[in-house]
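This report refers to the structure that appears directly beneath it.
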């Protein structure tokens, strides 16, 4: 399984696609998490993502190892953005390529669910109805 | 729910992404089906996709209606390529945007599974070890 | 009346539109006639008939004003 | 020794690296001390300690050569 794990300021779906596309695979499943313009009906102006980078990368590698053990996945990409993000910006991209689409869906959902539970990244929300700090 | 359904010679993941990205949505799930360079270990040179287009579009609209009834999906894209496709080319793209990622995965997988069962599109495979027609 | 053929059915018949006898007025009779004309179609895992671009059941009737198509197992995606 | 703080813990303490007393040599003692220093941390749904970039159980011991971090509930993705 080829793995690409990246934490950086700006991420794109295209770079994930470029990594996973291969003529040997039939199915690619991609999850993109974007910044919403509201949380519980409160308008969000922007987010700030903070990260304990060496541990975050290590936890992401652990997830990749779990995927490799559980499913016959050929390629896996995990990208996470950090810093200031605005509504519509992409915060996270998970991309999986496999010869079988069913396990590609399962693996992709597993990765994003687990990432949200274990990877030390924190989101701070800034609201429109808040005093600027 | 906004829906984009297209059958044409060349499709891209980018056009699907462009349609579904919105600041109100948190999660986008995309399935891309690409042409493999082998089937049951036989090398594939290319495929030819044939389509009963008016009925295919109608069956795709039926799937969109089912998605709308089952899940709170905001945007749905179904793209299918026709004509000659080569290994690595994209044959189908399904893209779903929803505020909740769990149902985005469910809906995306439902759409591709159902499309493969009901939409009148046929794939003819051409093999490397075959006489040219 | 002309019925539309696709995929392996089109290849078997060697044409994209097949002329079928006027006495055929329902799906079951059409399928029986197709199997007689092209016995190899019986090897397909399914053979559906679409009437006006919708899958039709065996008892559905049609006239020569309807659009009839023969749908072998689909393989899109 | 200096321990790394993130997210709401960093905001609560007002600093990114916190100096903790030398007598603290295991995770449980560190957590108890943090809760004493910053009682509001008890309202968090979880408070994990990482030793050398891995989540540590309460009974894990450490020395001042280890990298210690306080991990409030994560919210990436």
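All chains are identified by letter, namely A, B, C and D, in their written order; residue positions are counted from 1 within each chain.
Simple rule for what comes next: a contact is a pair of C-beta atoms (placed from the backbone, for glycine too) under 8 Å apart; a residue touches a chain by one contact, two chains touch by 3 or more.
Because the structure is a prediction, the values reported are computed rather than measured.
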Target chain C, source chain A, minimum contact steps: 2
Centre-of-Cα separation between chain D and chain B, whole angstrom: 47
Between chain B and chain A, distance of the C-alpha-averaged centres to the nearest whole Å: 22
Whole-Å gap between the CA centroids of chain C and chain D: 71
Per-residue overlap in chain C, given as positions that touch at least 2 other chains: none
Where chain A touches two or more other chains, by residue: 33, 112
Chains touching one another, given as label pairs in label order: A-B, A-D, B-C
Chain B-facing residues of chain A, complex: 13-14, 17, 21-38, 87-88, 99, 101-102, 104-105, 108-109, 112
Contact footprint of chain D on chain A as seen in their complex: 33, 49-52, 54-56, 58, 80, 91-92, 112, 115-124
Residues on chain C engaged by chain B in the complex (per definition of touch): 4, 6-8, 50, 53-55, 69, 71-72, 74-77
